[in-house]
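Here the chain labels run A, B, C, D, E and F in written order, and each chain numbers its own residues starting at 1.
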């Protein structure tokens, strides 16, 4: 028996067009990005968006274990999306669920187009995403964090990958769904892009969109992605400046 | 089931891609042409519903089993639908025995989302005693021969099996004992969401890719379209990426193709007058 | 709670010596065999006997994965017997049960005597049997189908392997038990043979047989096996004619 | 437990086979001679019943645990018997730790079928409250040293443990509460089905094969014979085949040998007057 | 999670050991000096309690989830505490994804024993309806960055998360229905057992070993000390051995160090006046 | 529902200072040790202490499977502690529990200091401990038995390893806890040593000890270990004499 229960809201958008957390339909939640937060990983990133708390770490390019998985002409990319048991209201078993296995796959496929895997034959690049707290949009938060961690690891990329979800609630197309909107809204569509290249690397949806709504949602996703992208760049710049400072300070 | 990485010789891949860039396909189809579909329903008498679907040489079988069980805690007044997909090693030289891998899980979840998003099954009508006893509907789908586009083959098999499945009317006594009557009725199905998968090869999208096209593609996009012409599930798969134009073109294509496919499906059952639970 | 229930019959053999499905004690159910039904497999066979529906596929001789299983002096034979969840009245978990693991073993040992594994060192021959619908006698149906699929794959054999079950119901020795007879009868004995060689390659039994009944049952099994064998041969002949036709047609 | 493939040097195999073709065995036994059997019962006080059985250097231990649990849905008025066999890595250099492999599962199922076919345990007497509470009898059997013929060693250990097991009489109150009394009684056992395993080597059958004979055999045949002289379980194992004559000879041999073995077993308990459930 | 064997270059190991034999450590600490501890609590709002603990660069996160469930059969009047530890592959280049290996299981069990032995949680106060419904308290702990001494980092994270966790007062009606009230109260915690791990390197013991010291050590010893200065859990780990003198010295060291560490922990909650279950 | 129930004793130590099984606080239970009881193993030992019945077997030094586990400069030591399902009052699942996994680890680490693993590079020494009946103190009984089995296998050792538990019951420090004392006592501390070297190779505890009690308990453990050690030596001597007899008899 669960002890923390959510109450289903009467409506998700009020008469002023505001959402349960006070946002407008096309507004992102607060975003906080810290780069290089884990000492052992080659690259790492801690990202908060609303109440989501996500840690991403990258190891590699490094030797592949078991060795028979290595490819002669390129690196392999491995990706694990995982939620810790206390990240959600009802404790989740620590073992990987079918959902986590699917998301690990689509996240890997969302990141892979940005990488030059052919530069690193016979190696692996391992991306680990831990959801420490979940509040709607963990897969897109995980992708945005992982892309920053890949950059932090110094792995050459065509572009960052940036992701956000759009959806539908009370008939409105909305940006960056929170948990309530995800659960009680009419539709949900996570999107990942390489923003500068205009390449969409993840696209999923459930719920119902008319073709017109679908197009409107895609356009709104692009707007959101541009805003998240700016935050990713800024966080990487801060990290770069800090490292430069440390290096120069040590001279 | 785990799937070993399959590869296609470079020469063949090159030939296939250059044909497609000219608007032609290796099996003679148009870029927007589906393979011939055959659907054979109720082939397994011990299942509540069943269907074998062929898309060309890709063959899937789905079976429905219904049990009376307990609802999930957060949906006490709804029946339960469970979709499971596995790859059998007899279906392809690249499949190996074992539990479902990420590819099989992805198929099951994409098919499941299509059905769920479109509220295909009226789960509330599958409630027997609120909070206590509901119908649990299992659909298991197996590819028997894999020649590409397992998502659509599996989705259509699952849908066809559900469309032709029958469950008994149940009788609930005052003290909440459940009896099975002799009257068998169709499942409360209200929609027929059709998955349409397209592969991006070079700068073209081809519909219903065969195995060689899949091995040559950059990525794929599945759009599931319901009776109202709405998009009720989307899944991009594979390593590549899509442009906005690709996606908009894919929407138009899926809307058109899904109508043709739907005409090959079993009809929606008449369910308005059915009473699933009698006193 | 199951929704389809079987009713236990009052008796399995009536006063006219007829069984619940109208057969005489020494009569087989209807048999249908189609060869070469799966395009990807090297050999395949779809077999119906009564309401049993069985698909068998053969891949090989082919490379062994993982490689350390390969033998320097002969092929390995691997065999997997599996029931799909909807093949039975009560849904079966898709995971292999202990029963399926045992049957996979005895089926492999029933097929192996017919093969010249020493012709194909360092390879594997993989036999996959899927029970699409079960109605008593799936292991014997699976063996008969697998033997045809092996022949369809062009794998040299000493003889076909042919299998049928015999048993005891209401005190009578009966041929080819259906599900009711299997469940409510007194005994069950599956037998597999290479019919031309007189070699018995599978023999199992449960239930009680006096030594005399045991011998009578074995003899009845041989009769049944001869009849199934004729059907297997005929199906292979049809397949051969069809292939020849196609080849000649294409010239 | 998974079993790595064990091999025997060709020379030794040849010597062993040619001896057998002359009617002699490498350990001096007759072809139809069982190894000496010793049975030590009730060696594990915390088990409801237990037995260590040696066939020469093959040693098995079986233990019975009884719990009160729920019946299977299709046999609401019967207790439950569960036989489990595993191979311990201490028993043989070729055994490895891990879950039971096909060989251990085969042994458990062959032993189980012998006991079940002969209705050894009167499961109806193990019902406590019909449809609700029954005795669940677990028998776990482990080979401690493997020197051939694990099926018979395991079957005899399981049977001996069951024959000497005791469970308490239970008391059921009006409102269906179950109490355990201080009176311990034997299990309702009505038969002693004895497995007899024979190996085919060349054109001969040898009874109770030791490990080297097993490694040299074409195949084996286990016939389980009950008190009435009926055959109640059969299992052919191994890669080779048997002729009709082999089988008929094996039947005669098993009937004879099983009687000798049965005389080494604990006696059938007197159970006619036992009331397993009191009000 | 399985942990591949990590190694440290011989030269570095030698340098580290010879420093320690002179009473110095590679990171400048005294032999009996702990790394700086930081504890950040209630960082995960969806958990009932949570804490991130850093010992230098070793970082652990623990979260508490509380559910209402059934008690164990042998402790019908007590709540249930379940401690689970796993190693995440993001924490170290030597960790791999997978179920907990022996190292993660050891940590969970040592942390669990420390808490249990000292009766840290008053489990009887977590009983809601005797024999039927009790609080089940899960604590999951994950190392986020492994730089040595995961046992202490995990133990302190678990303890801090428990110390700051809150659960709602529950209301039990006459017919034993359970309601959740709006009043949230701390867990009934009565002690703060502190684990102190020491590594033996050469003939010295160093407290709170970092990763390089762990890779160079003969063995480690963890002594958990409670508020009363008693030892409530001990675990020796690693391939080497300890002398009696080592152990006696370790006891003195642990008593002293544990007091310092305890001062960094959240305070014990006031729980005397709390009623966990109301009618 | 369990059918054999233990009754919690009113007290563990009576007014005469005697324990529930009549022992004094510093007294061991009866010990029986048989060496070389399993024919296949390279070394083996059956040990009873009170109602504990433990079988230990050693295989090795032998080739390592899978091979990638082999080390170039020393043998690996593997150890498996396992309880059979009927060894305890409530049937235990045959699958390894978390407890068994932890105990396998600490037992391995208790035995390893006694071995010269560097003498046998690229090999494994495998120690298997089966608890046939458990009555408090199975891990220490397992260690003592395993050490004898290692000696029986002819594996060179620095010293035997000898183990016993000490603990606290009704405020007394007691030696060699039985199941009741383990369950209802105040504390439990298993200890393993190489007695001649004074090296402690296993030390665990739960329950509460003041520092003084802790020292008293350690000293009592040493006393117990000396007594068990004498039994181990004696059993090995009997085994040696018996082997010599057989060898000389056969000459």
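A few remarks follow.
Following the convention adopted for this analysis, contacts are C-beta pairs under 8 Å (C-beta built on N, C-alpha and C of every residue); 3 or more make two chains touch, one makes a residue touch a chain.
These figures come from a predicted structure and were not determined experimentally.
Least step count on the touch graph, chain B to chain C: 1. A repeat of the B-C interface exists among D-F, E-F or C-D. It is D-F, with more than half of its contact pairs matching by residue number.
Chain centre most remote from that of chain D: A (centre = mean of CA atoms). For the pair chain A and chain C, the distance between mean C-alpha positions equals 51 Å. One simple way to say how far apart two chains are is to compare their mean CA positions; for chain A and chain B this gives 28 Å.
Here the spacing of chain B and chain D, counted between their Cα centres, is 48 Å.
Looking at chain C, residues 2 sit in touch with two or more other chains.
Taken chain by chain, the contacts form a single closed ring in which each chain touches exactly two others. The sequence of chains round the contact ring, opened at chain A and continued through chain E, runs A, E, F, D, C, B.
Within the complex formed with chain A, the chain B residues making contact are 73, 102-103, 105-106, 108-109, 113, 116-118, 219, 221, 226, 228-244, 246-248, 251, 255. On the chain F side of its complex with chain E, the touching residues are 2, 98-99, 101-102, 104-106, 109, 112-113, 187, 189, 194, 197-211, 214-215, 218, 222. Looking at the complex, you find that chain A touches chain E at residues 1-5, 38-41, 44, 51, 53, 55-57, 59, 62, 65, 80, 82, 84-91, 94-95, 126, 128, 130, 132-135. Within the complex formed with chain C, the residues of chain B that make contact are 4, 43-48, 50, 57, 59, 61, 63-69, 84, 86, 88-93, 96-97, 99, 133, 138, 140, 142, 144-147, 167-168, 178, 180.
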